[in-house]
Amino acid sequence: MKYAYYPGCSLHSTGIEYDMSSQLVAGKLGVELKEIPDWNCCGASAGHTTNHLLGLALPARNLAIAEKEGLDVMAPCASCYNRMKTSEVAVKSSEETKAKVAEVTEMEYEGKVGVKSALEVFVKEAGLDAIKSLAVKNLGGMKIAAYYGCLLVRPVGIGFDDPENPMTMDDMVTALGGEAVDWPFKTECCGASLPTAREMVGLKLVYDILTMAQSAGAEAIVTACPLCFMNLDMRQNDLNKKVDNANFQLPVFYFTELMAIAFGEKPAKTGVRKHFVDTSSVLAKYNLK
Amino acid sequence: MRRTGVFVCHCGSNIAGTVDVERVAKEAAKFPNVVFATDYKYMCSEPGQQVIKDAIKEHNLDRVVVASCSPRMHEPTFRRCLESAGMNPYLFEMANIREHCSWVHPDKEKGTIKSIDLVRKAAAKVVKDEPLQKSSIGITKRALVIGGGIAGIQVALDIADAGFPVTIVEKEPTIGGRMAQIDKTFPTLDCSACILTPKMVDASQHPNIEILSYSEVEKVEGYVGNFDITIRKKARSVDMSKCTGCGTCWEKCPTKVDSEFDMQLGKRKAIYTPFPQAVPNKPVIDRVNCTKFRTGKCGICQKVCPTGAVDYEQQDELITEKYGAIVVATGFNQFDHSVYGEYGYGKYPDVITGLHFERLINASGPTMGKIKRPSDHKIPETVVFIKCVGSRDEAKGKSYCSRTCCMYTAKHATLVHEKIPGSKSYIFYMDVRTPGKGYEEFYKRTAEEYEAQYIRGRVSKVYQKGDKLVVRGEDSLIGRPVEIEADMVVLANAMVAREDAGDLARTLGISYDKDNFFTEAHPKLRPVETHTAGVFLAGACQGPKDIPDSVAQAGAAASKAIGLLSKTQMESDAIVSNVDESRCSGCMICKGICPYKAIDAKLITERVGGKMAERQVAAVNKSLCQGCGACTVACRAGCLNLLGFTNEQILAEVEAVCL
Amino acid sequence: MSLNTEALPKSQEVTASPEAAPQPWEPRIVGFACNWCTYAGADLAGLSRLQYPPSIRLIRVPCSGRVNPQFVIRAFQRGADGVLVAGCHPGDCHYSTGNYFTRRRFLLMQRLLEYMGMDPRRFQARWISGSEGPKFQQVVTQMTEDIKALGPNRKMRDVE
């Protein structure tokens, strides 16, 4: 399997752990990742909200480059994935849009290749059996809340999993010997960039998710989105300072980190030491250090 | 050489004002096969008809053309006129020179020329007319009612009261249907059982009604007036003739199973009647769950039965009976809300449906009428109702409005207020639709006196938080999100067709819509008939309906069935398809085209090269054929023809107007 | 199925009334109307005194699905300048499905006529219900105008 790799801005910066662990998992699963040369911004955050055509054209340019090489794109970041999928579907379903996009990008994107999320490639396509056979360590029943966020499985109809109750990550956790807790906030909003702009609104959303995960008995949260990760991991300290009686110490992982660790990689190599919330104690508890 | 007479009508000045009728008659006299032509002031009047009758005698006419108004107006009149003159009424054509000419073309010259054309057309067709005979068929004076809910019971009672024998086939062990599960009925809050059970008893004691419960229709053959219907009487494992319904068996039965009647909220035994007022009040053994059938051990019910009625060896029995009319009243199911992830895919026990709620609130239900939530039997203080679950939702459910949910939700909220002091009900709605007598007033009372809080908006999520269910939605009137911590959530699931409705429709040869509801023959003017003659519809199998509507429709269906059964012979129209067997190749393409299942293959024996040989040809059932002519165009050999509108007749008309 | 056309007087030969001036060419349209919708619609047009050109001759059929393509071809062969097949609106057929056959046949027939070198606009199918008198009037008026613009049908006249 070979994919054009689209790291986007996060995986080269705040989400570097996701990049590090994705590369490790890809290596173990025999997935070849070739970074798209001269890639540009996917248009998430601000781009697509200011201009619809711009929002379609930005990811289409990246897809056009990948199409030249005949490779489907793997975009680990949920936001990149969502933007690229939207563009892919728009171009595939309308000749008019396709022509407009081509005019703006000055590149032909025919819709022959598409985008997949890292969850799709590493879990759905690789298959649970392959994951089980590669695992040399067992998560030992660690109670984990799989958190998908708002973008990964939406909008309805184009995603790869159930939009209300996605299970891909839960299945992965179970396959690696963990216990995926059943909880209702799998696709809640993490606040995205709100904690920066309107701090208390954003923090409340993070607070709700963390509280719900804890009350479901989770010892850790696993996610597949750099922004979700950042909010859930980085804001815990903030919450503990600003909210009475809050005392969160809930480790948050990228799903690729857990996979890489289970596949026998040293935790340090996967990036778990870079987290704000300490991960070592929960890993130690389950002999995963 | 035919002897045609042409009669041109003035219709006072209606025709004569803009058409030179004398000239029309004069020209008509020159047409081939026309031996007599005249005009008269009012052809349809008594003296006008006498003109025709006299001319038939005097000129020995064997074909008649009347040029006057639309045949949709007076064709029957003139046909009767021919009949009383001793002629076959089908040797007659009309030229419509009023509606299609004099009234729309004020130019007298042009109108006259067109009138002459129209008369020429009729004269060309009439020479190709053949004498036709109406056929008649006998009628079996018995009706079959499929489904023993309130609609089926009402149909059966009405037909039986008119003096005809009726059989109710019900697939459950008892009649009563959905109405038996319901606690109270809107808008009067009558107890449902109190008004239903007397009707069930009436049906069981009526000398003209036979109830076949735990039975299903297996096969339908024949046609209107003469259906041959095979019914599967499923093995009850109880001999109906010996059983007295004493109840010892189900008291002693050790196996407890979730009760379907109680929507899995209560228990029944493996040998059971669904509810105490069941009709017939005789049990069946649920062989899937019965220990005797599962393991071979037990047999307690047989031991305790004082009359020796329990029979483990009993087999399904197939019976075939003749019926003249069929009424379908198979009712509805509830929409399966497990497609709604936002309501938890059906995984929260305290998110229940309207029918569950009916059982919870019913005095003879699993909680003895105390509203207790299923998970921990706590009495809920806050109840949230969500309407339009599965209805008016093209993405996940059905596009239609389910009609009853607004009212039953209002009823439920009223009952919550009455039964649980200090409770609070919230109702999420899209629109409140209350078109029925006393319905709007009931809804108003629910909102104002019973303090149910109506919130206009959809619910985006229901989730468990501790022992509460958090209902998150939008109040679209104030444009704000709302969150309610509820103890119980009741979904107003849409009424949907029975999942096997399509199978039954195919068995009966009736049509069904995209949602599997049976289709009526005409949405406005033939609401209880189907396209298949002799098959009628009653109740919610045709579309969502409440009890008053179901009962009204049942009465209508019964009257249609009675109308059919009260005839000894049924006349069918003479305008039907006809097969030229000598040319038919038996390809049977026509069979699939026919919307009335009127065409079937038959074998004929004919002499080929001195030997007798069997061959398949198409045969038209003249009582089923409605005369649309679709088959005639599909016939590759052109051997199917529509009598009265044959290829030859229409081509003659084409030629006559193209001159 | 042939008719002794020689024996019939042609409409042009019908004795003209003395005061009639020579008439300009008027198209001749053969209309097939289903008994339940379009024929009733034409009756309603009459009842409402809605005037339209006297170009159309309606042939009553039980259902538009009864119209064999052969009838259409024959009309053109005999010099009809236009043919209209009209029935109930889709979904409203008295016989539930007849007009669906019409709809499919119509599209095929138009292509066939085009293949034969006829202008397919000479052959039209319309859905006119029993309550649509004005629509009948409008359809006939429009079709007459359209065919007037196309001129007389010479292509298939008397092609055997």
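Letters are used for the chains, namely A, B and C, taken in the order the chains are written, and counting of residues starts over at 1 for each.
Just so we're on the same page, a residue touches a chain if its C-beta (ideal position, glycine included) is under 8 Å from a C-beta of that chain, and two chains touch if they have at least 3 such contacts.
Since the structure is predicted, the reported quantities are computational estimates derived from the model, not experimental observations.
If the chains shown are joined wherever they touch, the resulting network is a simple chain of contacts running from one end to the other without closing. Interface comparison, A-B versus B-C: the pair with the greater number of contacting C-beta pairs is B-C. Chain A and chain C have centres, each the mean of its CA atoms, that are 66 Å apart. Chain A and chain B have CA centres that are 54 Å apart. Each chain gets one centre point, the mean of its Cα atoms, and the points for chain B and chain C are 37 Å apart.
The touching residues of chain B, counted against chain C in their complex, run 20, 23, 27, 30-32, 70-73, 96, 98-101, 103-107, 109-114, 116-118, 120-121, 124, 511, 531, 575, 593, 595, 626-630, 632-634, 642, 645, 647-648, 650-659.
Chain A contributes residues 156, 162-165, 184-185, 212, 215 to its touches with chain B in the complex. The touching residues of chain C, when paired with chain B in their complex, are 1, 3-5, 7-11, 14-17, 20, 23, 26, 28, 30, 35, 39-40, 42-43, 45-47, 49-52, 54, 57-63, 65-71, 74-75, 78-80, 94-98, 101, 105, 137. The touching residues of chain B, when paired with chain A in their complex, are 340-342, 344-345, 395, 461, 463-466.
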